[in-house]
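Which chain is which? They are A, B, C and D, in the order written, and residues in each are numbered from 1.
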Amino acid sequence: MQRIGVFVCWCGSNIAATVDVERVAQVMKNEPGVVFSTDYQYMCSEAGQAIIRNAIAEHKLTGIVVCSCSPRMHEATFRKTAQRAGLNPYMVEIANIREQCSWIHKDKEEGTEKAIVLARAALAKVMLNAPLIAGQSSVTKRALVIGGGIAGIQSALDIADAGYEVDIVEKEPTIGGKMSKLDKTFPTLDCSACILTPKMVDAAQNEKITLYTYSEVEEVKGFVGNFNVKIRRKARYVKEDVCTGCGACMQKCPSKKGLNEFNLGLNKRTAIYIPFAQAIPNVAVIDATQCIKIKNNKCGLCDTVCAAKAIDYNQQDEFIEREYGAIVMATGFNPIKLDKFNEYSYAECPDVITSLELERIMNAAGPTGGKLVKMSNGEHPHDITFIQCVGSRDISGRGKCYCSKICCMYTAKHAMLIRDKYPDVNVHVFYIDVRTPGKNFDEFYRRAVEEYSVDYIKGQVGKVYPEGDHLVVQGVDMLANEQIIHKTDMVVLATAIEPDPTARKIASMLTASIDTNDFITEAHPKLRPVESPTAGIFLSGVCQGPKDIPETVAQAGAAAVKVLGLLSKDKLVTNPCVSQSNELLCNGCSMCQNVCPYGAIGYEDKLINDHGIRETRRVAVVNEALCQGCGACTVTCPSGAMDLKGFTNKQIMAEVDAICK
Amino acid sequence: MKKLAVKDLNKFFDAISADQLLYMPLEKGGSVNYGIYSRGDKYDPTVLHTVKSVKDVFFPQCESMASFVTAGKKFEVAPIAPVDQSFTVFGVRACDVRGMEALDKVFLSDPVDSYYAARRAHGTVISVACSAPEETCFCTAFGIDPTNPGADIQAVIAGEDILFSANTEKGIALLDKVADLLSDTDDSAADDAKASIKEILNKLPLADIDLSAWGEGKTEELFDRPEWDELCKSCLGCGTCTYVCPTCQCYDIRDYKVGDKTTRYRCWDSCMYSDFTMAAHGTNRPDKKQRFRQRFMHKLVYFPDRYGMFSCVGCGRCVAKCPVSMNIVKVIKAMGGKNNG
Amino acid sequence: MQEIEKTLRSRCAELINNGTCDKVIAWDRGEFFYDNSPATFACADCAQKLVYDCFCGANLSKYLIQYAKEGKTAVLLKPCDTYSFNQLLTEHRISRENIYVIGVGCDGMVDIDKIRAMGIKGITAVKEDGEDLVVSTLYGEKTVKKADCLLEKCVSCKSKKHYVFDELIPEADGEDVKENGRFDMVEKLEAMTAEERFEFWQEQLSKCIRCNACRNACPACTCRKCVFDNPHSGVASKANADSFEEKMFHIVRAFHVAGRCTDCGECSRVCPQNIPLHLLNRKFIKEINEFYGEYQAGETADQRGPLVNYTTEDAEPTAVSDRGDN
Amino acid sequence: MQVEKQFKPKIVAFCCNWCSYAGADLAGSSRLSYPADVKIIRVPCSCRVNPLFILRAFERGADGVILCGCHPGDCHYSTGNYYTRRRMTMLFSMLDYLGVEKGRTRVEWVSAAEGVKFSTVMNNFVAKIYELGENVKLGDLRCKK
């Protein structure tokens, strides 16, 4: 017979304000099976935990129900408490009377009634709990970083620095990501390339780091500590280990119509190309869609001029498989597509550009050699208008409902740089709010306004259209409450940023949860911001949410620390709530095997003694190290031979019964 | 002897059911079973057998016996009292009447089953002679006369009339109650009807089935006979034969817990089921042969040993209803007997 | 039929004699001409007693689970039974190498109750004569259309083709029956209002006596221990208690065989209360066909059933709830 | 005179641990209310929910059962909710076929980030159950008080 203790937490007033915690404890005291019941202000506090420990000892409790906040919050805490008192940690059940009760109900009577039902359901379950012993699994001491931008590079460097092997998979031909495209960084205005490229070189030269550029993650199997990842190495048509990066091929290539991706398509490049001068690896790649040799089997000039004999027109995609203990997602972001924002005439007017395009135009290595010109005619502009929140904070459904966070600051940077370099250019900024939280951020913005006389206009732009050589911006000055029709030479759109489109696919492969905006969900928004709820998956950079470079670098380091914490373990404690096959009931039909996503179920011919009848039967056997405890098999099994420890059929039905009572 | 026009049967039913429940064979969803008569329901005399026998009235397939209510840690038992109202059952065939005798042996002997006993005490049974026996019938092999079915009142349909005669005080009292509807008549019409039924009975293919291999004291002779191995093979292990049988009396007692209330009920069980009489050690009769043998040995050997009568009444329900046509007739014949070819 | 029966007898005797099999699972004569019973025949002489006529409705495939564990077993399978056989192979309940399948031709099995329901009494024999049945009775001969007397499962026969066999008797195989109308009644029910459907099923399912004949005859219900029999499952029950238990039993049973049921019709054939249980299974089959593409369980022995499969584009459950409200 | 008892439905919500239960937590921490009639049972994945549990709930007197899981494609266990989707489509179709009101059962995909959706879904579902009233078609008589 179970001896259950019930512990009702007030959570200060969080629970106690809408749930009569004393009554809950009192009612539970009279439930069959309950030998002790009490309430306390903060069960999770040391004093609260002491009450639990003492009660376990004093009343010889065999199981406990804690009525408190969500088990996602403190289940682990109370399991440890139980364990310290000598009780199996899986003899603990949580009744969530905060998130799912006190916080959503106002009426105290109603809240109390519901809390009692939830407590009864937890009691019904715990009565059927059985002590579970966690197993162990090994840890492959190697990490994978998906994405080779600043986030990925930083995470990889930090992991490698601690002495662990780490691989970076980058889908572009070079690492460097978005930061490599930036001209200057706020609020210090130091040169982006100057601070990034040394890190890129570090990454390339670190013997613990392996770079797989121009590569994509194809398939992920396994689980924390034991991921098996298939990586597609896309055909470069250039032997990576042979190419010296001399660039002779680029000089000779007659196909010059490819859009230069690095410059966001603002200019053209050859079919064989090195993305930019400081690319890592400094190796050419052939754009098969542009290459005359590959398309028409003519030309072959690059092969002729390549002294290193690095060209291989017949190269195929290659696949490699690697084992990893941990995976860092650093898949980054992109500016959103503007096809739903026709009012800005972005598609029609070359002089309407995005901020990222402006970065390239301002950059000495960019399409204009760093000279600020109108893309339509190469003329020097005299008036530039910035439009903020293009697609950010958008509730019309066309854009993103969130704030992209970095736009206010980079626009201030752009405005300041332009005014600094071209004092003759007037700069206007249409904004909804200027958001400058961050060290030295507001000071930076004020400098733009005060020192550089940038014209900030609070208001939204309704329309941008071309008129002769110029552009006309129609907007509202909300402070002056007047319509503005403003003639300008260039318009720069502070385009919202969104997670890279590959993020969703990769998250699916990793079984990491993703939110409606395709940002990867963190295990806890405050307390576990760099971990995914899926064990062994960590988040670095903008894939988790919009952030600037220092935040990205900080998070990348934090993710690396979490990875290191994992890799430094020799064994992991596995979740004991795994499936279990009852050999006496198993029909051997293999249906469970069909639905198991982990290949955790195998079949064996076993000699079974079924109440005196001995025969060899084909029965399911669960590999507990592989099973992740989803329970798909349990529902597929018609005889109920498959059951899930910790969430058994009987336990769940007991909860159902208690609720429907 | 009392007479009533068959077409006036509903008046008879209405009169009886005015102050008590009247059970009779009623069609529902295409099958005929005993149900509670309500005004306008039709009795179909051409239906020989109900699917479930009259056993379902006196020993219902499922009946609650007690409930336990917990309030906090307190616990209260509330027994459910046996029936205390009179009721009537109409349309019982001779085989089912004999079936009730077999049930009486079990349930009315010490310790008396109070639920069954109460129903027997409060129930008045009106039997009806079989006018068109079927080829599956072999009640005569057990000495049953389907033209004289017995019970409190027995009836026979003769042409346009149904003729009643009371056999017991309960029967007399009931006929008195509806005396207005009935007229007196002599036995001649009934005798004629019975005679023509008997002609059919003589033609029935199973009428002369030989039971000499069975009966009291045959356990040792029959228990290990090799025929059981083959006989049991086609058996599916379902409970159809036991549930349609008028004499199978095994039941299980189970608890049904909802919230604070537990209802203890009993329901028919079948010795053909793999979980029948499952005890704590987990082994009852572990294989099909043992379960199969048990049912027939019980009907034809153990029951005679104990009560001096067969507990098969030859109604033929199992013969007609077995999904794989493996039935008591085959078993009887398989073990020999001179007429059984 | 008589020809086939003769061939079957001599062929089965031959198979036993030449060591192809040590026993044959077939049908044996019952007490009457219409109640053939599944049986095993383990010698060449016994095989002469096997019966094959229009009263061999029982599907023999399920017996193989228990009786084809050892040695080599030959079995007679009608076209519809071969689906069940394949499904049992799929689920590893029988092993192909232990079994020699004789596919027997079938043009429909007869339901004696349907003949009786025509008011024909005292039946002593039924002979097939082309499309007709010649019924001998105590009161003379009567001729009826065979089509009017078929078992429900034969009325809507889906195929006369054997989906698995080692040999066929007769040699020529039949073909799928495309227009079998087996979903007609399901559609009729679907067209009713929810209230009417509820009434229909309430009346039918409340007849259930929980005898488990449907389950025990079903070649898809092959659990060693049914959840309803297992005292540890938490749902064990025997009663046909007040209102819900039979319904629960039948819903769960239908669900457990969903995607596995070959629509062999045994459940309805064996029900002592004549509950049209096949209509539950056919509903699932129809829905599976409509939602996930045509699927016939047991067509081959290596299919992945629709409920242990998915596509990322599957219909949402709202596809059901958003249907027009009847 | 029997006093008409005010209908208070019993509603069971099965929520997968990774998305919907977290979504419910988020609804809670965002103080987005929904009726107290809803009681949540946590399961690791929506694919853990056996149709038997849903029938059990109705048998024991539930008036509505809702099953929430991760959006298809986002299952923590990759594929669990795809099986759920098929199973529940089949179960709901069968219940409808048996004449049970369609609105009593529902599947919703609610992510960990969709606290608002969780609360909206529950409010709508509860409203639907109030509209349908007491579940009389599926309950076991023995469970009625």
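What to note about this one:
Note that in this section contacts are C-beta pairs under 8 Å (C-beta built on N, C-alpha and C of every residue); 3 or more make two chains touch, one makes a residue touch a chain.
Predicted model, so just to flag it, every value in this text is computed and none were measured.
Between C-D and A-D, more C-beta contact pairs join the chains of A-D. With centres taken as mean C-alpha coordinates, the chain found closest to the middle of all protein C-alpha atoms is D. Computed from the mean C-alpha positions, the centre of subunit C lies at a distance of 36 Å from the centre of subunit D. Distance between subunit A and subunit D, defined via averaged C-alpha coordinates, is recorded as 30 Å.
Per-chain CA centroids place subunit B at a distance of 46 Å from subunit D. Each chain gets a centre from the mean of its Cα atoms; for subunit A and subunit C, those two points are 53 Å apart.
Shared interface positions of subunit A, i.e. residues touching 2 or more other chains, are given as 595, 636, 649, 653, 657, 660-661. Counting partner chains per residue, subunit B has residues 256, 258-259 touching two or more of them.
The set of subunit D residues touching two or more other chains comprises 51-52, 56, 60-61, 73, 79, 83, 87, 140, 142-143. Across the interface of their complex, subunit A is touched by residues 69, 91-93, 222-227, 230, 233-235, 256-257, 304-305, 307-309 of subunit C. Taken in their complex, subunit A has these residues touching subunit C: 584-591, 594-595, 603, 610, 615, 618, 636, 638-640, 649-650, 653. Taken in their complex, subunit B has these residues touching subunit A: 70, 72-73, 257-260, 282-283, 286-287. Contacts from subunit B toward subunit C in the complex involve residues 28-31, 33, 51-52, 61-62, 132, 135-136, 203, 205-206, 230, 233-234, 236-240, 242-244, 252, 254, 256, 265, 267-270, 273-275, 278, 319, 321, 323-327, 329-330. Of all the residues in subunit D, the ones that touch subunit A in their complex are 10, 12, 17-19, 21-22, 24-25, 27-29, 31-34, 36, 39-45, 47-53, 56-57, 60-62, 70, 73-80, 83, 87, 111-114, 119, 143.
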